[in-house]
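Chain nomenclature is as follows: A, B, C and D, assigned in order of appearance, with residue numbering initiated at 1 for each chain independently.
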Amino acid sequence: MINFALLGAGRIGKMHAGLISASAQANLSYVFDTYQPAANELADKYGATAVESVDQILADDSIDAVLIATTTDTHVELIIKSALAGKAILCEKPIDLSTDLVRQCWDKIKDCQVPIQIGFNRRFDPTHAELQQQLNQGEIGELQQLIITSRDPDIAPAEYLRHSGGIFRDMIIHDFDMFRFITGEEATEIHAIGSTLIDPELAKIGDVDSVMLTLKTASGKLCHINGARRCVYGYDQRLEAFGSKGMLQSNNPRPNSVTKSTAANTDAQSVLNPFFIERYQAAYRAQLDSFINALIKKVPTSPSFIDGMKAQMMADAAQESLTSGKSVTIAKL
Amino acid sequence: MINFALLGAGRIGKMHAGLISASAQANLSYVFDTYQPAANELADKYGATAVESVDQILADDSIDAVLIATTTDTHVELIIKSALAGKAILCEKPIDLSTDLVRQCWDKIKDCQVPIQIGFNRRFDPTHAELQQQLNQGEIGELQQLIITSRDPDIAPAEYLRHSGGIFRDMIIHDFDMFRFITGEEATEIHAIGSTLIDPELAKIGDVDSVMLTLKTASGKLCHINGARRCVYGYDQRLEAFGSKGMLQSNNPRPNSVTKSTAANTDAQSVLNPFFIERYQAAYRAQLDSFINALIKKVPTSPSFIDGMKAQMMADAAQESLTSGKSVTIAKL
Amino acid sequence: MINFALLGAGRIGKMHAGLISASAQANLSYVFDTYQPAANELADKYGATAVESVDQILADDSIDAVLIATTTDTHVELIIKSALAGKAILCEKPIDLSTDLVRQCWDKIKDCQVPIQIGFNRRFDPTHAELQQQLNQGEIGELQQLIITSRDPDIAPAEYLRHSGGIFRDMIIHDFDMFRFITGEEATEIHAIGSTLIDPELAKIGDVDSVMLTLKTASGKLCHINGARRCVYGYDQRLEAFGSKGMLQSNNPRPNSVTKSTAANTDAQSVLNPFFIERYQAAYRAQLDSFINALIKKVPTSPSFIDGMKAQMMADAAQESLTSGKSVTIAKL
Amino acid sequence: MINFALLGAGRIGKMHAGLISASAQANLSYVFDTYQPAANELADKYGATAVESVDQILADDSIDAVLIATTTDTHVELIIKSALAGKAILCEKPIDLSTDLVRQCWDKIKDCQVPIQIGFNRRFDPTHAELQQQLNQGEIGELQQLIITSRDPDIAPAEYLRHSGGIFRDMIIHDFDMFRFITGEEATEIHAIGSTLIDPELAKIGDVDSVMLTLKTASGKLCHINGARRCVYGYDQRLEAFGSKGMLQSNNPRPNSVTKSTAANTDAQSVLNPFFIERYQAAYRAQLDSFINALIKKVPTSPSFIDGMKAQMMADAAQESLTSGKSVTIAKL
């Protein structure tokens, strides 16, 4: 049984609390949030203890792992503290918006030998994972091209976006990780273009809401990523892997399997899932299971801190390409 | 080159005229219709000669074949005349609404040795034919169950329906032929129920607009046919063949391959084809080619007169079952 | 919090134990099974108490509800005992293979006023339930025809089938309940045919493995049910509701959304779910939630004992039709 | 009636000859080919006259139009000659591999006032055209992103590719035209990357077989094109238009509508059409009809010579980007 402390009792923290409690191999001991009432409420619901300081958690030897679901700007500090306290860490992505800070963090914790997993939940999505598995089994021969579609249901408020680090660090970072997960290689080159077609306000803060990227790996594999901040028919997340012996597509799962035919059209299906908590529910559960199993079996957790850092570096490169209009070569670690 | 005379210049006759003209192996020589202006117009369009009497056509030795597309009540007389004149015959279904009359017709022509083909065009539909071929190649092992969906886009005017012979002889007769085409067997038993759910007027003339049938073959294969006189999303014609090693479905072909996703729903496709002339255009062409090729190669035409008669007997049995509420055993020929 | 006792620790009982334990509003207190080690193991896993007699459970006032997942022949006795002890009851279908015994059971318990729900889990399947809801909202106008496809992945061992009560009482009974759930009406007439196309052994025990049924309601709605004991591509469970303004189809949900295109074919998807525990997992969970909510809110449970009895009567009628070759009229209660 | 002369009796010329002959408004008068036997054979088949020199055709006043289906390197000369002779021209794409030569050609013919149409047949494909029409009707609001998939069934022989002008001028040129057709705008910027993943021989001649492009329009619309010289499941040609109010997808049409479910997988469909002559048969027919109608109604033909030149310039820019690794700005005409 793995004893968890949850740091952060917001929307995503609530979901994690429920998953930890439902797990047969985990126990939720503590909940911390800077907003105490939120911590109290969540702790009550799942029979955990709300605490006022993280130090109290880290000082408790019975705690095996912390799940960090606080705001991004607190991640690095909490990771360092937790690592130094010898706790296993499951931290929501991104590690930090600044790659420099991520590197500094790594320098401080790399000798701690604690298991650290970054919350790239999509690797655990049953459908994306199935595609990756079939690809690795050679079902379509050698991968040649990968197309990633990444469209959020709706654009976040301008206030949120102002501190988001830009579309690449905030949103497309998941797709950078998907690129690495599916191709099994690093990007050697990134090119990005973008437009503000959805919310003109974004232009004022130097951000875009519609992007298209091209990536290339050392072995010559090609990848397209398309991203949009608003998609009226729901949360559109697809993969298309094209190989020497065929194609695999990870299509959008559906809330139900009902189709409707009327005088207007035929075979119409429901709109897609509203957003990530619904769409990736099974992925979040599988992610937690994977983390717990790694702790119990004492095997490495994955995706690792380094995986988090590399996606960050790709986001930096994309941002640079968007600004410069040129392809950017990704530096090695 | 096969020289054709077309009998009947109505809607379906016009289509046949176009197909004959477009064929590289056929020529349209004559057009006959009791309504002379229709014959004139069609003959003009395709460079044929409009004639006032069928006898004139049958007396012309250069005519190889007649295509009978007149009203059903004239089929038997025209078949007999044409057969006695030694012409090959392609006759629209049904042969006649009265099975007795069909038998009498057969008695008069069976020794004529002229090729006769009945217009069960669906046997030539690329998609239904593909299903039958894959089934015969053993792709799904032994056929166990067959489901036929047969829904017209809209109900015909009451006046037409009054003389239609009822839904089984007018509409479902095509599905009876499909049953024989796909199973490769005869029905030993038929059960039919029906309702007037679309047009209450039908009840007054003892007809129904919604039917469900069950059929069984000597080897125990089971079949369901569902039929409706109105289908708001278009002309719905599907087959599902379930076998020991899998299932084949002949789905509705589409006018185009565009799908639309909006805030209302996703993957919506166009409505189906409006009706049989659009839906079965390729089938009518393939049917004509098959008839022409049989004449040129001097091999038997198919589906035969007997195929037409057997579908008729099944329609009679279904009508009897609907009236009696009991399963009806189909007599052998 | 509803305190449950589970009667029956077999395959389906194990699943129910997990669902009760995972529910935030339920608690698993007791497990009973005539095979004591099974009860012990299951009780251990979920922190419940294994007991040697049902009476011990019924005597415990803290128990609110019993979930009956024992063999069918013990259902009636356990229902009567539990009802007399004032316990709420969630009983797996069927109530009993003998409609007479079901009636006798009802006579003994109808005055007990305890909530009784029969385990027709498919009513709670997200996809079937969505179809029913859209139909009730008028999305396709008036229902005219219903087609139910019901194909098990593989035939059970002959020994099991010998005591199954026949395909209608054992397997198609679920579809009879679906018919009532979707049409919202009773069947006035049933006609059934069947064949042994899968396992010739069945003929020796007077059973069939392939069936096709036709049903009609008082308002004239028509229904086809097709059933097969073996379906090589998985557990095939579909609904097609055809109405005056369109069609709704409840298609098979998929284990994942991956499609594969190769030189052999395109858009191939995974085979269907292996069987009911996987396919209807969400349905079983929703069924339990519905039962628990009804108890907490003190509203009637549904589907009711009477629903169970009516499906049974339909199975009897189908069996009679299969034997007699005639349509059978369903008696009112 | 439009009198045609066909220049070029190769594979594509044969198809055009058939289409011209089948048209009710066109007549095939002459066939020319530098390989005389090919011209003779084709002329015989359709009742046309084979001629030994193009001049003979151009001198015949009864000839309204020439259809140029010769090798690419002869297009410019034949266009100039035909235009100066006052003939309407339908010329296969590309006009020439050298944009300089195309410009020179334009300078010589622009005052001739003869109708010239370039064979970008995909604009006439029923499914792509339907997407464009729905987009223009505002079905998905404002277009934001376009994704074009362009995968040939198999790579051409190295000898052919050596003189093809490279993948952009030979193959992707169609997709550049699609980009202009769907967006209704010009590209302001192009970025291209490529790899030789299919045939290593290509690297020796400085060409690639796998490409990914990014394009942007003046209004900020984004476009991805992915291309591959070999696609084992057939000729994969799709469009995805993403807009402010939804998405339209032009999926691959199918040779038939049969799906197969077996123990290996479900809903498997046939592989795609083998190549362009089968896939775009309806498009070639509609293209010819459009050309003929424009001549008869004396309205401008489309796509125009300028459309052909612009696609060429995009191909040049893509080639430059591939070589330089930089985004390339497209010059205005």
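Brief remarks follow.
We adopt the following convention: a contact is a pair of C-beta atoms (placed from the backbone, for glycine too) under 8 Å apart; a residue touches a chain by one contact, two chains touch by 3 or more.
Because the structure is a prediction, the values reported are computed rather than measured.
Distance from chain B peaks, on a Cα-centroid basis, for A.
Between B-D and A-D, more contacting C-beta pairs join the chains of A-D. Chain B has its Cα centroid 58 Å from the Cα centroid of chain A.
Between chain B and chain D, the centres computed from C-alpha atoms are 40 Å apart. Computed from the mean C-alpha positions, the centre of chain A lies at a distance of 42 Å from the centre of chain D. Counting partners per residue, chain A has 232-233, 245-247, 252, 260-263, 270 as the residues that reach two or more other chains. Chain D meets chain A in the complex at residues 142, 144-145, 147, 151, 189, 191, 193-198, 210-214, 216, 220-224, 226, 228, 230-233, 236, 242, 244-247, 325-327. Chain A contributes residues 232-234, 252, 260-272 to its touches with chain B in the complex.
Taken together, the chain B residues at the contact with chain D in this complex read 22, 126-127, 130-131, 134, 139-140, 245-263, 270.
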